[in-house]
Structures are given as structure tokens and as C-alpha cells.
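Two complexes follow with chain A in common, the first pairing it with chain B and the second with chain C.
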Partner chain A sequence: MSASLATASTVEQALAQLAAGARPVAGGTDLVVGARQGKAPLPERLVAIHRLAELSEIRESSTEVALGALVSHRRCSESGTVRDRLTALADACAIVGSIATRTTGTLGGNLMNASPAMETGGPLLCFGASVTLRSAAGSRSLGIDELLAGPGRTTAASDELLEAVSVPLPPAGTGSCYARLEYRRQMEIAIAGATAVVTLANGEVTDARIAMTALSPAIGRAGEAEAALIGSGGEPDAIRRAAQALAAAASPISDVRASASYRRAMAVVIGRRAIEAALARARGEWVPVPASTALHGGVR
Partner chain B sequence: MTATAQRPRLIRQDGREKVTGAGRYTADVVAAGQLHARFRYSDHARARILRIDTSRARELAGVLAIVTHEDVPDVLYGQMVKDRRLFAREEVRFDSDVIAAVAATTPEIAQAAAELIQVDYEPLEAVCDPELALEPGTPLIHERWASYEADETMERDGNVLGRSTIVRGDATAAMAGADVVVSSRYEADGAHGVPIEPRAVLAQWQGDRVTIWSSTQTPFAARSGVALTLGIPESHVRIIVPLLGGGFGSKCDFHFEAHVAALARKAGRPVRLVFSRREEFVAPDHRRESIAIELQTGARRDGTLVARRARLVLDAGAYCGEGGFFAQLAAMHAIGPYVIENVDIDSRLVYTNNQPSGSIRAPTAPQTCWAVEQHMDELAAALELDPVELRRRTLIEEGSESPTRQVFGPVGIRHTLERAAQMIGYGQPLPENEAIGVACGWWPSFGMPSGAYVKLNGDGTATIVTGAQENGSGAVMGLPLIAAQVLGMRPEDFSILCQDTDAGPYDSGSSGSQTTFNNGRAVAEAAGEVAQRLRELAAEQLEIDPLDLELAGGEVRVKGSPDRSVAISELAAADAEILGKGSGAVPEQPACSPDSGCLGRLGMESFLEPQLITHAVHVRVDPETGVVRVLRVAAAHDSGTIINPIGANGQVHGGVVMGIGQALTEGMALDGHGHQRNPHLLDYKLQTAADAPRIEIAWIETPAVNGGPNGSKGVGEPPSVPTPGAIANAIARATGRRVHRLPMTPERVWEAGR
Partner chain C sequence: MKVEAILRINGVAVPVEIEPHWSLLRAVRDAVGLTGAKEGCDDSECGACMMLLDGEPVNSCSYLALQAQDREITTVEGLAAPGELSDLQSSFLEHGAVQCGFCTPGMLISATALLRRTQDPSEEEVRIALAGNLCRCTGYGAIVDAVLATAAGRAADSVP
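Take a look at the complex of A and B:
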């Protein structure tokens, strides 16, 4: 049982609490459920940050979108700019947990929980997003790849608060997709997920960023998969080679959700589907958000 | 009979409080000064207990009582075989056997104390595979099984808790002479009922009497269990059930009421237990049994089923609980609603060190039906017959004789087949990776004693006092329809007092689809007594023979002269003693004469007024991932006359979705050492509202001759019976491959297609 809970009304108050040993809570969808299930006890001291309006904003410029740490998955997935320009992130945010989870849970919480199965990690990594961490001593900026350190671990210090996630807008001609294997339509967790961000110029893939989710201890990009696609015209053969390279880079485990061999086979299938949908979007074709639901038995 | 759509639409009385969150469940009940209970469970699936030391736990501040086997009488309990103690004494037999219970001022302190209890064990090799448990040389789960008090009809032997066989004719010879013989083996994993309300118990003593608020489906069984295990008279135990948040069978029978009562008695304060979701998965002696099913059927070219052989091995888990009858029920489902000339069915319910099995909505039926209906489709393929055509030729009809020589009365199973096929558009061309599958099933009605009172209130309303239990299905909430019909009043004129063993007459509880079937009869009889009294009183006022009076529109009036009448409210205001009671005659079990080779006859070798079902489903399979989506379900049921269409439809909607879960995503993942690997809702995957398909329902109303009120049968359990089988057949049609293990998870569908 938590010994104390303070509600911060300014970022400074929250930082002071963190410096004194408190842990932050926003939506609570990971923290509270985890404590109830006995995964991790509630911290002795909590600071509630859900009233910090400045962390709840979505700020857009011509070059980037800055998503406050408290932006809910639902708001993120419903943002026009995110849907149009950062579609893979909208795909991901639209399938986190249930409607209740998406309305309550925050992007910042999802990131700092650092689950290898988190939906938003792959898209943010591929878009080259960075985070602003702030402590009483000042602020610093880190790439997503520098933030995520392993299952349940980040490189943030205990007195640092995630303020915002900045996502650079990709160039014109870019399409993206996050897809995952889903056993059911809601309340799902990634068993195998893939992100693809591809840029087309004159029909040629000029840039490709491909990452896997729940297929390795941390969400990571697959350089060989990207290389297989860059320079191609996005033909089925190139897509197949890229998906196979993604699966080859995976280090799947066997657990109650799936065997390693099934996960690896699904890496090929889900990877291919994510790349296909990203290419389709890059060409201006319509693929619904979230893509995962439509992809099962649908798009090839 | 009017179309069901034109019958009264009864909005259940407990609906508003439930959907607005105002409803109070057991965990919401608070007694002044109450303490919180936590259990210490066994740390092993099988071990000898060498020592239990509670001294460190007792020293923890805030701990007021700790109870072990030393604090309660040494009593064995269990419905058909008495094989379990409240608190393990010498041996633990599954990983959630209760060793001790702690009462403390907070749940956290109680939990900490439970963990401080020192238990020394001699770990023993756990026996977790029921087929292995049958092998000679395998350790006995219960070394002293032969000394246990047991129902004399139970065929027991070592690890075999119960065996049932159904034999008719010479299956071996008939098989040898068949044109086509098909053999199959199917395995169904265990599963759970997963009520959304985890169970809760609150016990409060006054002198030597205890009141227990419990989330039970069977308050009278809970009362008996407490009395037996604590050695006190039943009359000293009162069970009250606040709103029940679902049960699906898992809250049947006596469960943890006595543990909490023992704690409350020792602590001298009320004690409340509220289960975590994890406990709700692992600790109850209720979960759907796994079954290994071997089937062989011989047929003539025209489809006539000349012989069936079946071998079924069911996992009973560590204790009998209330599931002792499963072997016979599974044997009946291995036959199904078909005419088969010769049968040789052998069904064994086997002890293991797994969680005990107990009734979950139509126990043994969905799994066995899933296997049998796939087997029938395999037979149809071998005969080069359409699967629906094979069923058309082999399903029972009026006058058919079962393998135990029960002769069926009017049964609408063939109509359900035609109707379901028609609703789903059977035979239509479908896109690639889509297919339709069909399955038929049955489930008995259970005739049991039941009682009710109907008392007229001074304001002209009435109260139904019943021992029946509302588990969420709406069956008790539908009782006013029956009383209103008898009394010529409106359903909304009735209040209901139920779920209190000190108030209502005995009822066997919300189990076996029996509430409307049996308590409906009791309510109708009680209302009939009130109606008779009203006619007598009105006859005096109107100076007319009571036989010339009828009750309608809230009045007692002269037949043919509705102007001559007296309001029921007027009669009620003038006479405070208008009270009816009823139980009604329990329908008799149909006669049957099983061959001499039939062992383990527990009374289910004939099916009273069978409920008959065909489900047809339309699925889409993603062949690359094995993910299956159910797009449409057509459900045609013969449950006799439908009394409350909203309630009956609700049972089909819920049962179909539960069946889809069992078919595709819901299964206990066991580690082979007696531990469940997915005791939480993230990895025990229920179907969500978003997964629910379009469900179309047809009621084939064949009035039951020997049934419940107005020719009704039960309706609660059958909707979950044929759904997995129909989905399995659809998957096989879409992919060309059969999935031999339930649930048919994406990985298993994918694996079958490799």
C-alpha cells in the first residue's frame, strides 16, 4: 500500500516530489493494474501528475509534432496530423488495450513503462522521435533508442520527468504502418508487431525504417530489413526479403502467448504486411487506421 | 403459440441498478468491525505436509485469528465422493489447496501473515496427465480412496474417481460390417467460467448462529456444506446472496463459506474474504475439465450409424467437488442426439494433481460435442455426403430410441438443423478463406424439487418469496411473468425476495438450467393457490360460483360478463392472509433400460426433455496467422415453449460468445507440474464485445410434454454447447485441415495448416 500520494499542480512541484523519491503516476493503467496483479508493489510515495496542463498539449510546427507526456493514446490517434503524417503512431495508439485504456493511459506512461511489447515504441523509434526529460537541475533531450534500455528499464534518472515526445515530420512521399498479430479485437497485447516507415521518390524507396515489437528483449530497428528495401521499387520480392531479414534479426521467446517458432513465422507475415501497408500509404492509397484490424485476412 | 416477438417484454428488476453501478454485490457489504481474510495456499501440487507453524504470523500486529485443520472438525466433504478437508492436514493435492486462513485488520496484513506461516513439506511427484494417472504404477492421488464415503453408484478404482459405460448391442461386430469406419482423437484443454465478479464471502456470528453473505449460485448447498464441515445444525447457518456478478457454474456448490465462518468464530469479529482475479482462476474447485476423446464410428453407405466406440478420459483434478457425475454426462454427449445402432462408450473421470473440475455451463458438453461434431463431418467426408445431409439422416426424432432404450417424445432437433442452415445461408458461395460449419448438440432438463411462496400485499401487489438464486441469467427476474399469467396481474406488480436461506423454501440453486423449469413450476402453483383464494373471496362478494370466475386485468371477474368484477387490490386490502405456497410435482425421469454392460448409472442415462440445438457459423480464417474471426452465428434451439423471450435470447447471445471463447482463445495453459501459466485476463483471453459476431436466433418451440411451466425446458446451458464444434467444422472447411486440440488458438490453426 502506498504511504503517500501528492497531487502536483505545477511541474516544479512534481519535480520536487521526484527529487524526494516519489514516482509519477498519470493514467495509472500500468502502475495500478501491475500492483493489483502483484507484478510490482505500488511505490511508497507517488506524485500524481495528471493535472499538469502543460504536459497535455499537442504542439505542431512545420517540422515536428510535440506530444506532451500526458497526451492519451486516444487523443494521439485522433490527431489529424498524427494520422496523416505519422500514421504508424496512430495505428499503434488506436490499438493499445481497450477504449478505457486508451482514454486513460498516456503516451508518456507507455514509453516510461518500457515494455518490449509496447505499441508506440516502434513507430516513435522509426520516426526518430526524441524525449525531453526534466529534473530540478534542468532539461535534456534523448533519442527514443537512447531512452529504452531493456524490458521495464529506461535511462532516465529517478528524479527526471518525461515532459514531451518530439516527433519530426517525415518528408513528403512517406507512408508508415504499425501492425501486430491480434488474437482478439480488443484488450490485446503484441505477440509480434512490426513498424515500417518508407519514403518513395519516383517509385523508388529512398528511405526505409523497420522495427520489430515483442520479438526481441527491446524494440529495435532491423538494419538488414531496411537495406533490403532501400533502392527497390517496393516489389513483392523486395518486401519478402525485407520481412525475412526482420524475422532473422528477431530473437523470439517461447511463452504462454506463443512459441518462438510461431513468433518467428509471424515476424515474416506481420513484417510483410506492415511494409505493404506503409508502401500503399506512401503511394497515397487508403489503408484504414488502425491497420492491424484490417490486415487480418485482408491486405496481402 | 404467438411469435416470441409478440410476447411480453419483461425488463428485469435488477437491470437498472446493475448498469448504473448502484447494485451491491457481496464485496460491497460491510459489517461493523469486520476483518479481512487471506488464505495460505499450498506451495506444491503434491506434497506431504510435515509441519505447519503459524507462530511468526500470529505475532504480526493486526492479526486476530489464524485457522488451520486443527481449528475445525476433521470432516471430509464432497458431493458424490467425500475426499476433501477444508484445510489440508497431511497432504496437499493441488497448488491451491488451502492450508491456513488468516484474519487481520487489513487485507495487506492478512496477506503478509499468510506468507509468514511456515510450512514444511516433503514434495512428491505431481501427477498432472489424466491418461498417465490411469497407468499401473502411477501414484494414487488419494491413497485411502477406498475408505471414502461415496455415492454407491460411483464406479471407483484408484485414480478413477468415476467411470460410466454405455453399451448397446455389439459395436465390434457392427463396426466390422460397416461400409465406412472413421477414427478420430481430440483433446480439449481445461477452461474457466470467469465470472466478472470474483467471489466474496462475509461471515458474522451471533451466538452460535452464523449469517454468511456469499457470492454463491447455490445458497442451500453452501448452507449444507458449512453445517457439515463445522459440525453445526443447518438451521444455525443463514446464507444471503447479494447481487451475483455472474457464475457460469463456477460458483455452484459449497466453496469458501466455512473457511471464513471458522475465522470469524475464532476472531470473534465479522470476517470478509474477497478474491483477487488470480485466486478466482486458480483456487475454486470449479473449472471446465480437460478431456481426451477417442471416437470411432461405422456407417452404412446411406449414412446409417451402425456403431460407435468412444473412450473418454476426463481430468477430475484433485478432488470430487460437485463434478462426480461428469463421466456419465460425457458418455451421453459422446453419443449425442443421434440414432446409433450399437455403442460401446467408456468414460472415466480421473484424479490428478490439477485444480479440481466442477460444473461450468454445460459441463463436459461443449468439448465432447466439439469432438463428436468434427468426427461427424469427417464421417460425412468419408461417405461423400454433405455434413448437413448426414445429420438430417441420423438425428433423433419422435419415437427414436436412444442407446439406453429411452424412447423420445416430440423433439425438434431436425427442425433446428434446417432452420440454422437456412438462416446462415448454407451452401452459398463464399469468398476465399471463409466457410460455414454446422454442429448439433443436446442437454438434459433436470427435474428437481423446488419451492416458492406468493403473498398478496394490501395494495394489490404481490411478493414472490423463493429459494431460487439469480446468477445473472435473469431466470429469477423472469418469475413474475409466470405468476402474473396465473393471477391476471402485470409482471411489474410483483416484487421478489430471494437468495436468503432463512426466507425461501429449498431450491437446488442456479445450476443445471433449472430455475425456470423447476422454480417456475413452484411459483405457478403458489400463484394458483392465491388465485383460488381470490376466487373464493370474490365469489362471496359477487354471490357466484368460484368456477364461473376468471382473473384478468387486475380483477376477478365473471366469465363472459367482465362488468361484474372485483379488483384484486380491494380483496387484498380486506384480507391480510392471502398467501400461496407451491412446489409442484417434479417431472419424472424418462424410462430407459440400459444393457447390462452399462456401469456407473447415475441417473443421466436418460435425458429428461432434452434441449436440442443446432448452431451454424460463418468464419473467416487468416491462413497465414491462423487467426479465426467468427462473422455470423445462426442459433436454432428447441427449448420447448419460451416464456421470457428477452431473457432466452440473452442466454443465447451470452452462450454463443462464451462458446466462441472456448473455441478460439480460452484455455488453461498448464505447465505439466500442476500450475496454470495464464491465471489472469491478459493471457486467459475472453472474447470482448468487439469480437461478438452477428447472432441470429430461432426458437423451435416444441412444447415439452413432461417439462416446466407452459411446456418449457431449460435454456441457460445449451447455447454454449455446439458453438466450438460448429466453428471447428467451419475452420476445417475453410482450410482443409482439422484442428485436434481445443481451444483452436491461432498457433494451433496455423500449425494444422503447415
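Take a look at the complex of A and C:
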């Protein structure tokens, strides 16, 4: 079979192509690069979905933000609502690759490629986001935890297209942060990353969600770390116990970028930085977006 | 099997015959014959292949050419009229920002996009904008100076 690329003008056309065995391409920043690196050859049959305007929208209501699958990292990180209310997601989108990557790469692609080191997965998981998957047969909604199945694997069927990611807006008093360990400041892949979303009421942590990135086969929450924070006043001792619990829950691998033991050791540091910055934001203190750069040189 | 397509490059609509899986870089270099954009890593790491797509920087080595149809493609050849230099290009020469020259087309493209977005970038903003462009001669200092001087020159020119 010879290679082909069809450009979809409607979602229905894209779904028909997927049902016939085509694979979708949006920005191509993972798919095409992966083929060049020899991870997986470019699928013979491609359907380009980049022109689907209905998948490019950011829809805001009083209760949620719905991000179309084609929303770029750059648009996501520049959205005022995302920066104000879903700050950890803005932190994450603002440090993906380079400006070219952030302009071309999409939120949908980042999720569906399901890298354990993806930046957006931790924040979306902690905010309780859900995705809409659509096929010619109909639509279904899945939580991020139900979508991500392992390294490079999701539970989506091959004829399903990710249409949008719905993110509920957290209650007042919530602050969040995504921080990653990086060897350089741009064009980096997380060596270890952590997301913290905390809600404060009268100085007490009433809710905490903490997730790890590049520390397990799929992005996942660390319940013990969350439990260590909830009910506390966000004191240094509670933060330290939560960060240690995050590291204890990790199951990192050794690869070309870091050893498993180094990743686990750094999980404590990155977890602490993410929690401290999330608490600071919950208290109304200013922490720059993206947080990572500032945290490496600033918050200790 | 090759397919027919029309790519709009530097303001000119160019009919091409390309394979569906060809990158924009390969189409522009091999089918159109514009060789300003370079193939460095072929992996979205080095930025030597950078082009503008509707005014925004893209690693053309990792972007499928057929997805660039009906969009405005700008390569380094399109930054100034033939035989002329843009102020940014002149500034690169004045500051010694060109050593071996292989990264230069990509640097110019990324910096052009930055200066369209931001009239008065800080050094930090320049460095972030050029983070996806590697210079193996490591001549970053002169490159950053050249971009900052261009912005300063435009600001001076715009004073009534």
C-alpha cells in the first residue's frame, strides 16, 4: 500500500478515515519526529485534522473550560482563565519544547501520545479533567486517569478521535503548580515532574491533589502525599512529608536522562517545590508562569 | 505515489509533485529548489530548518508538506527582496553573528517571528525565542546582540 494523506474538512470525514484505518495527524511534533527517530514508522495512511476549526476552540463557562484537541500549547498557556484558574496547566504548556513546538504541538496530541513525561497530563489529572472521544458510532467521556494506560498507550480505540478536554474550574482558595526537573531551560523533557493543586480555607488545606510525571509508567496521583497535606496548615513539616510520600509512590526507570535512584531523590525536591508554589498561589502570592524556571533559581 | 500540490512560498504559489509523507523541508528544498533552510538534525532539535507558517515558526523537517497547503510559507529567502537584506540580516553581519552560517537561516526566521510579536524584547525573551535554534559554533552572544540591536534600531526609527 502506498502512503496517503487526506485532509479532513469536517469531523465526520476524519472519523470515516479513522474507521478505514487512517491515523490522525495534527501538528506532527510527536508523530513525525517519532518516525524520524525510528520509534515508529509514519503510518501509511494519515488523516490531517489541523483544519477542523471546531476542535480549535477554547470554550469557557462559569464552571469549566473546554479545550479543543487542536488548541496549541501556546494558546493554552496564554489563556487568561487558564493562567488564573488552572495555573498548573499554564505552567506545563509554557515549557513544552521550544516556541515552534508550542505553536505547532497540540493538547490533544500531547495527551494521546501518552508519554509518561508529558507536561499536560499531571495538571489535567489533578484538575479532574475529562476527554470526549468520538467515533462514527458515537461519543463517550473518560477521565484522564481512565484514558492514560501506560507508556505510549491510551484506552481509546483506533477509530476514536479526541475532540476536547473539559476541565472543571476549582473552587476559590485553590492554587496550583506544575514543576519539573530540567537540565536546561528550554527544549527539555521532564526528568521528574510534579503537579500540586491545593485548596485553602481559613489557612487549612481542605483539598490536595498531587501527581507525578516521568516517575511512573503513566501519569498518576499519589494519594499518600495528598493525605499528608489535607488537614494541615501547609507547614514545612507537612510539605516535607507529602513530598517524601510522592517519592515513595514513584516507580521510576533508569534511562539515558537519569537513573531511577536519582529520579526518586529528585521527586522529593520537585514535589516540595510544586507544593510550596501551589500553596503560595492559593494564598494569593505571586509566582511567575511558568513556575519551573523561577523555582530552580528562586523558591528553595 | 507522488501527488500534486500548490505551496505558497514567499508570496509565490508554486505547483509541486511530492510524496504524501514528505516533510515541508524536503518539499521546499528538493521540489521547489529553495535551499536556504537547512537540514541539521532532521529531528526538531536544532532549528536549522525553521520556516514561518502563517507568520509563526515551525520546524519544517517535522511538518508534513501537504499540511502547509493554503498557508503562507516564509523561508529565509523571503525575508528581503532579492539582493537586499532585512535590517535583522544587516545586524547579524554587523555583529559578527554569522560564523559557519549553517544555523543562520533558522536563527533569522525565529528572530523575525519574535520581532513581529514583540517590539521591545528583553534579552531573556530573545534567548527563549531562539532556544529551539542551536549554533554549533556557539556564537550565541553575538546573535542575541544582533537581535536586540535590531529591535533598538526599529524603536529609534519610529520616534517621530
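One rule holds in what follows: the second predicted complex is superposed on the first by the 297 of 300 C-alpha atoms of A that agree within 3 Å, B and C clash if a C-alpha of one lies under 4 Å from a C-alpha of the other, contacts with A are read in each partner's own complex, and residues count from 1 in each chain.
Note that in this section contacts are C-beta pairs under 8 Å (C-beta built on N, C-alpha and C of every residue); 3 or more make two chains touch, one makes a residue touch a chain.
Nothing here was measured: the structure is a model prediction, and the numbers come from that model.
Student: Let's test your reading of the overlay: on chain A, do chain B and chain C clash or fit side by side?
Tutor: After superposition on chain A, which the two structures share, chain B runs into chain C.
Student: Between chain B and chain C, whom does A:R153 touch in the aligned arrangement: first, second, both, or neither?
Tutor: neither
Student: When the two structures are overlaid on chain A, which partner does A:L46 contact: first (chain B), second (chain C), both, or neither?
Tutor: Second partner only, chain C.
Student: Given the touch rule stated above, what does A:V256 touch, chain B (first), chain C (second), both, or neither?
Tutor: Only chain B; A:V256 stays clear of chain C.
Student: Taking the superposition on A as described, I'd like to know which of chain B and chain C A:A100 touches: first, second, both or neither.
Tutor: second
Student: Return first, second, both or neither, reflecting whether A:R36 touches chain B, chain C, both chains, or no partner chain.
Tutor: After superposing on A, A:R36 lies in contact with both chain B and chain C.
Student: With the two structures laid over each other on chain A, which partner does A:R283 touch: chain B (first), chain C (second), both, or neither?
Tutor: The answer is neither, since A:R283 touches no partner chain.
Student: After the superposition on A, what does A:Y183 contact: first (chain B), second (chain C), both or neither?
Tutor: Once the two structures are laid over each other on A, A:Y183 reaches chain B alone.
Student: Determine, for the stretches 93-101, 111-119 or 147-155 of chain C, which one clashes with chain B when the structures are superposed.
Tutor: For chain C, the listed stretch overlapping chain B after superposition is 93-101.
Student: Which residues form the common part of the chain A surface touched by chain B and by chain C?
Tutor: Touching chain B and chain C on chain A: residues 36-37, 98, 185-187.
Student: Note which residues of chain A are touching chain C in the complex, please.
Tutor: Residues 2-5, 7, 25, 27-29, 32-33, 36-37, 42, 46, 48, 50, 97-101, 103-104, 185-187 of chain A touch chain C in their complex.
Student: Applying the document's contact rule, which stretches of chain A touch chain B when the two form their complex?
Tutor: 1, 36-38, 98, 181-187, 189, 256-259, 262, 265-266, 269-270, 296-297
Student: Mind listing the chain C positions that touch chain A in their complex?
Tutor: Spelled out, the residues of chain C in touch with chain A are 1, 19-21, 23, 42-45, 47, 50, 53, 56-59, 61-64, 66-67, 69, 110, 113, 128-129, 131-132.
Student: If we count contacts the way the header does, which residues on chain B are in touch with chain A in the complex?
Tutor: Residues 106, 108, 276-278, 433, 620-622, 624-625, 627, 629, 664-665, 669, 677-678, 680-683, 685, 687-691, 745-747, 750-751.
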